[in-house]
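Each of the two complexes below includes subunit A, the first together with subunit B, the second together with subunit C.
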Partner chain A sequence: MATNRWLATGNFFTTYKEEQRIFLTNIDRLCLWLLIAALYAWPFFVETSNKGMLVLDNILIAMVAILGLNLVTGFAGLISIGHAAFVGVGAYTTALIASGLGTDHVFLTHAWPLVIIISGLVGAVFGGIVGLPALRLKHLYLAIATLSFQMIFQWVINFSKLFNQGQTMSVGRVFWLTGKIGRKDHYLFWYFAVLTIVVISGFLVRNLLRTRYGRCLVAVRDNDRAADAMGMHPGFTKVYAFALAGFFAGIAGSLHCYLYRGAGIESFTLHQSISYLAMAIVGGLGTLSGSFFGPAAIRLLDLGVENLSSWATNFLPSTMNIATALRPLTFGLVIVLFLMFEPRGIANWWRIIKSYFKLWPFKY
Partner chain B sequence: MNKLTVSDVTLTFGGLNALTSVNMTIEPGLITSIIGPNGAGKTSMLNCVSGFYHPTSGEIHYGEHRLTHSSPHEISILGIARAFQNLELFRGLSVLDNLLLARHKHLDYSFLSAFFYTPKTSRIEAENRAFVEDIIDFMELEPYRKQLVGNLSYGVQKRVEVARALTLGPELLLLDEPMAGMNIEEKEDIVRFIMDIKQERNTTVVLVEHDLGVVMDISDQIYVLDFGELIGSGTPEAVSKNERVIEAYIGEE
Partner chain C sequence: MRKMLMVTTIGLMAACFAVSTAQAETYKLAISLAITGPTSDAGAPYAKGVEDYVKYANDEKMLGDDMIEVLIRDDQYKTDVTKRNFEEFLDEGIPIYLNYSTGSTLALKKDFEEEKIATIPASFHAGNLVDSNYIFLPIQSYSNQVIALSEYVVENSKGGVPKVAMFIHPSAFGRGPVEDTKGAVEKGLKMDIVEVVEHGKDLDTTATLQRLMSKGVQYIICHTVQSPVAVLLKDAERLGIVASSFGEEGKITFLGAHYTGGNDLIDLAPTASENFYWTTGYTLTSEPGPGTDLQLKIAKKYGRDDKTANSHNYTNGMMVTQVAIESMRRAKEHGKEINKETLYDELNAMNGDNAYDPLTTTGPVTFSKDDHEGVDKLQIYRVTDGVFKSVGEPFVPKYVVKN
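Take a look at the complex of A and B:
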């Protein structure tokens, strides 16, 4: 019987290789490729302000960071309260290369993909080091260990000359095939660059999750005693999870550094770590699609509330500062509401929508 | 296949002796049962063999390998698999994923080839998927393949537990009360599986079990523990006539 590759109904696997496929049906694949194509194409048709582009760039960079956080917190179940610090490690690696070689050195401006990967690797090394307590500690104690890394990181950056005491360390503009990326194209260029990295790392993580290197993460989350009996070293698996998270965080940090053309401590504080956690929770812990929904939702919400509060200042008395309080208030409210009513995050809505279409054209 | 020798093992928790100078020899290719009243140290014995506890004194050898201070993941590589008494499954995963996790050590592709999902990775994954399917077929778990383990009934979960241990591809299988809390039919199923594991898969089985009827029927060799001491051993007939064993189970006259 010929199987129908386009619909989920009547789509049977006859070999184990078919079962490994990322997309269940051709429609799934088509939809994703169309979405990606649309994401690449729209800037050519729609005029967007630099500010609008910056927001999108930020969302995309957060997606890379959340991919990492989701691996360690969502899949491996280890709460990391120091994720912004890992992002910072990546950013400061790039910034150090800049201050060491000069802000406009060829290596920095031409070989920037290499610099981004190096920053990711440095992030992975730090992730691994910070993950070492996971050999002994569990649950909240481990979370405190990551929190302490966040504190140490902020302290080191703030007080050492090498890092300009937390003040901005600048990085030069990069070159592309068309030449130097000027002020006008800067945000647009990084939109494409970061989008590419998001797409690539999304697929890489998806690959990882269908192999033993992804499954072992879930194993230590669900039952590390059993994971031990199944031949995995639970401790090292956790360290590896942290290294993986550090890698993606490092890449995100480096991108952040390039985008803002410098690194400053205010982007890598505890506050930012908490907001990364919020993105992961709202998106859906332990789901790949959640890593994309979460940052988009939180960042857009943030923007919406900001607009709302500036509009609210027109008629609210400014002395009471209600307008300024609106932002943290909604932020907290959204997290609480999600934890109460949809702990599986936006990814769960997505799952429900998909399962509706899965059986189509049948009712059940 | 290797012989498991437990020599003079003592396990102490604080002042309490969970095991006192226990000697055992588990012959390859046989079903060996460890029985005893509650708190006799049966599970402690299995924990020592599978590396979750380390004996206070004494030695455990599996063929040439010394297991006394090895950790569980090192022991599992040697071909000793263990099914837990209180279900220790990965509850958030499907039956299939639970079994695939047990193939962890057999998936010998590198991290980078996993990252890019190279043809080699795909091939090895498919091979091991076939192996897992073989176990699913063997343990008759086909209807539950894609279901979350947490949603399955207790009896089926117990079966998945045994299946997962089997998926490791062991030479020696340690089963910790695989029939606890089951009804007659489910027990009969498990007994049939254990017999098949011995005969078809050529695996040595160590069984800890409370149901004496089952133990007497299927064991080739029995060790009886009481308060951490070995009070009898031998064939089912010999053990059932052993006076100290009768005393431990029924009491003195």
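Take a look at the complex of A and C:
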């Protein structure tokens, strides 16, 4: 190990413990803390519209959801095509609490962190249940099992009066130390709240991956028989990977419900599940940083194509509805291009950039 | 002396010009709707209707020197995007808002209440008005449209209680009128609702039609969008069960609420849609009148193609804009500032002698504190020789449901 941990080069490990450090160097630590500080500080210096803040909040919520999806699909290698349904479970848990107690009940408006955790736990329970087929099924067969959950979820929500037949179930505005959060501060408040959850979740996942439970996920993904021979329990590992994914998805769902002040089925459809999967792929499956890059890239791409489609309607013939096709075309094209040319996702570009600065001014 | 007079005159003129320029205001009118994505076949002409009428209002100086700026955003029929657009509009300081889908109207209902902003959606879902003070439906709700069709069936059916099936969209939009129609039956509308069919994405409805025939269904009232109705009609035509006259024995007569009809239905099912009965609160260009003349004139002025010019969705977009601009005009006429509060008051005052006739509807627009359904009269149209023709006069359903 280098004696000076501020140096980026010359580091080598002499113990396994050193290899498991969260930060390789003090520079890494400093950069991350500076980034986090900047993320908290910039809204005080830059005026942003509610619309802009809503976009950012959405990206952050997707990051929480993708942290879960990356655990189950990226680290544990279990394909899940029903992630939006898990997010929906969280959202509808919050919405059900609201419909049961009243949209402005104090539990919902004041104890909202607790509601978010409860929603996460319900998501984890559903994740665990849906993960049970993973004891027997693998690969595409497991993917179909998760797809069934997505379909069942949509059907139940669409046809059950308990869930308002898929129409929006409202949730009231929350309170903070400063009082009720009105429209003016709503999106800024949730920016800070979701950012805090993203930071905490990021550290939780990073730490989980340093533990034997985290390493189990990777071992089972790479070779579950070998993992079994090494004393790990592949079945339990798979189920708990799904439960963890469900937990993060549930939290994301609850946040979505609070942000939009309600839950409606159209935010948790199969299309959204595919979108989540695309975020994980584009970000980089099996990487922590990919869970942050993917949602940002796909959400911003969505926004860009949305504007492009809107602009294109001004001159493209309406009968052919080409503008409508632009979004799915672009979306599909981006995924295919990433799978072909950068299957390790944006996280790999980040790794290359970091390596460049680590070696700089030398080439290798 | 002459020089001084000239300078004074120029100075006065400049001052007057400056004052008039300073006094001219620009008001913003905003709409978020599906220009692309699902239902964009309705949303695109609707948006053009909104855009053109605002241009027309500005050109005609309906607000004097004041101008209206229209903000049109595509939401791809997604509530999340509508919410984002709405937030943008609020930041822009709009005094009135035009929304589109049922889902987003219900989802944003609380926001409309909080912001106290009058909203006119393209959705006529009766549930929009439940627990709402700020949503104004342009015409009768879907529920009342279906009830109107049911009443027409009961009044014109010969022999016994008519057997009716409902063919509905599998969503809140589709299901909304079912309970209200059943309620009308309980209140005395003599009609037997044999079955309620929620359609999927079926490309063949033969089995459904044969089942309904075996149950003795004489009438199918549709409340969905055009494409599933076109599939149903084409299958019925293939089976030879489309009634050639209203209530023809052994055949089925098809009827539909606002979003099932229009020229798009005729395009989708050219021959099968013959004798399809449709109700709406809008005038159609196939039945010329002052409203349709105005519509065609505006469409021509702003270079719209024939399809758009003759679309009832174009009329729809124009009409909601007419109502919004009329509320602005009246607020200004009454010497009030144009803002959310005054426009809301003006809309609620649109009744009695103050009812507004935009000409593009089958009756005047009447709103009050207790009645947020604009045009009360509905017109039944029937496809005859490939175009929609009026059947009888516009009427107000007897079993009308008010929320």
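Operating definition for what follows: the second predicted complex is superposed on the first by the 348 of 364 C-alpha atoms of A that agree within 3 Å, B and C clash if a C-alpha of one lies under 4 Å from a C-alpha of the other, contacts with A are read in each partner's own complex, and residues count from 1 in each chain.
The rule we apply is simple: contacts are C-beta pairs under 8 Å (C-beta built on N, C-alpha and C of every residue); 3 or more make two chains touch, one makes a residue touch a chain.
None of these values were measured; they are calculated from a predicted model.
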item	value
Clash-or-fit label for the pair subunit B, subunit C on subunit A	fit
Which superposed partner A:Met230 touches (first subunit B, second subunit C, both, neither)	first
Which of subunit B and subunit C A:Lys138 touches, first, second, both or neither	neither
Touching partner for A:Asn50 - first (subunit B), second (subunit C), both, neither	second
Partner chain(s) touched by A:Gly264 [first = subunit B, second = subunit C, both, neither]	second
Which superposed partner A:His105 touches (first subunit B, second subunit C, both, neither)	neither
Superposition-derived minimum Cα distance between subunit C and subunit B (Å)	33
Of all residues in subunit A, those that touch subunit C in their complex	49-51, 54-55, 58, 158, 164-168, 170, 183, 187, 260-262, 264, 266-267, 306, 309-310, 313, 318-319, 321, 323-324, 326-327
Subunit A-facing residues of subunit C, complex	35-37, 40-41, 44, 73-74, 76, 78-81, 83-85, 87-88, 90-91, 103, 106-107, 110-111, 114-115, 127, 170-172, 175, 307-308
Touching residues on subunit A, where the partner in the complex is subunit B	15-17, 19-20, 204, 207-208, 210-216, 218-219, 221-223, 225-234
Residues on subunit B engaged by subunit A in the complex (per definition of touch)	50, 52, 71-73, 76-77, 81-82, 84, 88-93, 97, 100-105, 107, 109, 111, 114-117, 121-122, 125-126, 129-130, 133, 164, 168
